[in-house]
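Heads up, the next two complexes both have subunit A, just with different partners, subunit B and then subunit C.
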Partner chain A sequence: MPETWYDPSRCGAPLVVLLVFCFFVLLFINLARRGRKLFIRRIAGIAAMEEAVGRATELGRKVLYLPGGGTLDDIQTIASLAVLRHVAGLTARYTVDLDVPNKDPLTFAATRDTVHEAYLQAGRPELFHPEMVHYVTYDQFAFSASVTGLMVRDKPAAIFLIGAFHAESLLMAETGQSVGAIQIAGTAEVTQLPFFAVVCDFTLMGEELFAAGAYLSGEPAMVGSIKGQDFTKAGLILYIIVGILLEIFGIHWFRDFMTIQ
Partner chain B sequence: MFWKLRLPLMLTFIVGLVPIVTFFLTERVWGVAFVRDRVEQYMVIITGFALLLGVVNVVQGNIRKIERRKPGWPFAVSLLLGLFVMGAFGILSAARVGPFQSILTAPDGSDTPFYWMTRHLFNPLQAAMFSLLAFYVASAAFRAFRVRNVEATILLTAAFIVMLGRTPLGEYVFSWLPNGETFLPWVTEWIMAVPNAAAQRGIIIGAALGAAALSLRVILGIERSYLGIREK
Partner chain C sequence: MSELLGVWLGAFLTLCIFSFLYKDNPFFRFAESLFAGVSLGYYIGIVSTNTLVPNMIRPLTADFSGNAHLLIPLLLGLNLYTRYIPRIAWMARLSLAVYIAYYVGIFMVQKLQGEVVPQVGKTILHPIGGNFTPVDNLIMMVGVLSVLIYFYFSIEHKRAVGVVSRVGIWFLMLGFGAAFGYTVMGRISLLIGRMNYLFIDVVQITSQYL
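Presenting the complex of A and B:
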């Protein structure tokens, strides 16, 4: 049984980083709410979403949205839902068919609600039908087989692969490419990013995926959190440079402080 | 509004704080171990119920497809057949009913029907799907390594060295030099451990901060898209 009520090895650097991070995020949320203008750079993949849905409208073909294989406790899936909401709003506005196959049952329940709500908010509830969001299977490769078959048969004009993807990423993205669809991908899985970068027209890499929801909403509080995150990143870069310099000069207390046992 | 918005936001706030707080506390604090374990168990239970919802959706969707004779409806028949047969064998084996006395092997050592279907139908189909990846990797690599600009040329050169350095041929190419057989594998390891790792870490740090910022937005109730609600 441990001696103390707190874990000393975790209450050093991790706690400091957590507090600094929360400070910056809350500070910028507060500043944004007070009306401070915050600049967020343009993200090409997000800007291209409307163009992709527009292309599907012109061609009269459907839009396919894949929320990844993660369940709802995966933060990438939560980020994907925010993007799905935007895409569903666009398909409702442009009157294009939307298809959302799901691998995870919890995600399926959430995507159905998200799409339904987006159609309601777009003022086109009559266009929503439950079959547009459907469950396929929990098995990774059975899901890939089903989705690639769907791509080949229906030839969607735009494919969104946003969320947590694993070995199935290339199977789906390459099939989408072969049917001539415009593809926008987004994931934080470092091992799958190269596949998406090669095969898809636009790729949201790591933090861009998590920023997408905030970027699309344009709400000051959301945008402020991205700015806070950027400042924490600048702080971490400073941490790394200081750490390297101290190590070069043989001073090790900083490294010891930053190490989690 | 309370049931649809306030209560889910309150629950998200409380459940979202659990992993953060328990990360810093030890099991000496009353309730830490209990709460940590319970959150994981509840996730499994909720997923189980949600899976039922998924199965119902699959059955409804495919029955509708068969009724309306939509294109590809025979596939829907085969899917439902597979779902019910496999599901029935699995449930009967778990309940040990009649000849279904086990999930994997029968008392006489032979495969149970459930395991037979897994081994001879399900696993080969999965393997076939996975093996397709090799062809897709080849076509994706062809597209990536086409020399179009400076970046693509650097990528091609690095990929060529890494692929060569990880084969016996890589050791052979410079073997005429003193210690030459270790040269290309050394360059390969350097590419992987220095420029490649640096780029990957940059993406990982950015993604981790992005994930933390999104988590904070969810815990504080600023991000609500997962509830299907955007109103403040």
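Presenting the complex of A and C:
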């Protein structure tokens, strides 16, 4: 095997964890596809989504969904699409206006398809208009200026900020809060989570966003991968506890194995 | 003269954007639309000049047979536009699938090697040894384990698991508090920069022309 194909220094713990992770994910996807019921606990923000859309219906105002600034290579954006499908299904059912401004061109293509499919699935294709999912611009702050202006002018009753957000998070969430909208946020960006936690009514933190995507979609691949991650996590928790106990007795192998030079 | 015009235009547009702090108004709408339009045009120019021309068009026109492999991303990119032809719109998903799968593969290894494995290694500590105090070690171990349990979705957070996950939330909130303060400091420095522009740069450049 050519040397460039294989780097032995990288084949310690990362490879083992990767193989264990893949094993569990494939196992649980397989089980889910065979119809095995896999339990994922309900997350607070999910229940609030229907309430938020219901409130928009009562007030006769629109629902604003922001899929974040990430492109489709970001798993947060993929999870956001699953949540968007659910939200679009609700807006179709409740006959309330939905507005999805986009920053990334590829995400824009995917969100439009997602909303269209959700309206078809809800049996309300006549309510779908391509303009409800529109493109704004690629620039982060030009995008947030447009969205904040939109919030102030349209006064949406419910705002979803789900996906990869960066420095624009507080600008948008604070404006949303000032127009009195129910806000449900979700991101795995550690630096932006504090802003969402402070300003929004519900926040899906980190992995909760991915779990919400899986929970709402119910797709075997997504549910199975969350379950696989959980089992890998359980393995790592056990590994850390055993490692700490062994450290007390002067055995360092567990720690050394997980130390990357 | 163009410098003077540029600096005053910048100041005017900055004030237009700041006027949003009072309420939505025509000046803000003008600046907002200008910003969105100019940034989009600029982005298209950047992508074309820095990505498309040097990485695709120039190599293909210079040596087509030697760079024939570039036709694969070109076709994948063009394939995205099939979504505008309803009968074959499904084909666009093939390009998206390649794009997503490529990055999932790369990021999975990066995250494991760069974040997960080192975090596990650094958490396995002797409670009263190492470079930190026993209290630091305890905080590190309890923090990592409790937050991991909070993000465990396969069981309900009740009884003992509920208690541990609540500890995890406390650790998360403490971390968020620190990150919040840090980022707010960064934002204030951005505001200071803009104020410097309005009160120092504009005045200095204007005085040069008077």
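Operating definition for what follows: the second predicted complex is superposed on the first by the 226 of 261 C-alpha atoms of A that agree within 3 Å, B and C clash if a C-alpha of one lies under 4 Å from a C-alpha of the other, contacts with A are read in each partner's own complex, and residues count from 1 in each chain.
We adopt the following convention: contacts are C-beta pairs under 8 Å (C-beta built on N, C-alpha and C of every residue); 3 or more make two chains touch, one makes a residue touch a chain.
Nothing here was measured: the structure is a model prediction, and the numbers come from that model.
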| item | value |
| --- | --- |
| Partner chain in contact with A:M205 - subunit B first, subunit C second, else both or neither | both |
| Touched partner set for A:G54, first subunit B, second subunit C, both or neither | neither |
| Contacts of A:T259 with subunit B and subunit C, given as first, second, both or neither | second |
| Touched partner set for A:G243, first subunit B, second subunit C, both or neither | second |
| Which of subunit B and subunit C A:I40 touches, first, second, both or neither | second |
| Touching partner for A:V152 - first (subunit B), second (subunit C), both, neither | second |
| Which of subunit B and subunit C A:A234 touches, first, second, both or neither | second |
| Shared subunit A contacts, counted only where both subunit B and subunit C touch the same residue | 10, 14, 18, 21, 72-73, 75, 78, 106, 109-110, 113, 136-139, 141-142, 145, 153, 170, 190, 193-195, 198, 205-208, 211, 226, 233, 236 |
| Of subunit A, residues touching subunit C in the complex | 10, 13-14, 17-18, 21, 39-41, 43, 72-75, 78, 106, 109-110, 113, 136-139, 141-143, 145-146, 148-149, 152-153, 170, 190-191, 193-195, 197-198, 205-208, 211, 226-227, 230-231, 233-234, 236-237, 239-241, 243-244, 247-248, 254-255, 257-260 |
| Interfacial residue positions of subunit B with respect to subunit A in the complex | 20, 23-29, 43, 46-47, 50-55, 57-58, 61, 64, 71-72, 125-126, 129-130, 132-133, 136-137, 139-141, 143-144, 200, 203-207, 209-218, 222-223, 225-230 |
| Residue numbers on subunit A that touch subunit B, as the complex places them | 1-7, 10-11, 14-15, 18, 21-22, 25, 29, 71-73, 75-76, 78-79, 81-82, 84-85, 102, 105-106, 108-110, 113-114, 116-117, 121, 131, 134-139, 141-142, 144-145, 153, 167, 170-171, 174, 188, 190, 193-195, 198-199, 205-211, 213-214, 217, 219, 221-222, 225-226, 228-229, 232-233, 236 |
| Complex contacts: residues of subunit C adjacent to subunit A | 17, 20, 23-24, 28-29, 31-32, 35-40, 42-43, 80, 83, 92, 96, 99-100, 102-104, 107-109, 112-113, 116-118, 120-121, 123-127, 129, 141, 144-145, 148-149, 151-157, 172-173, 175-177, 179-180, 183, 187 |
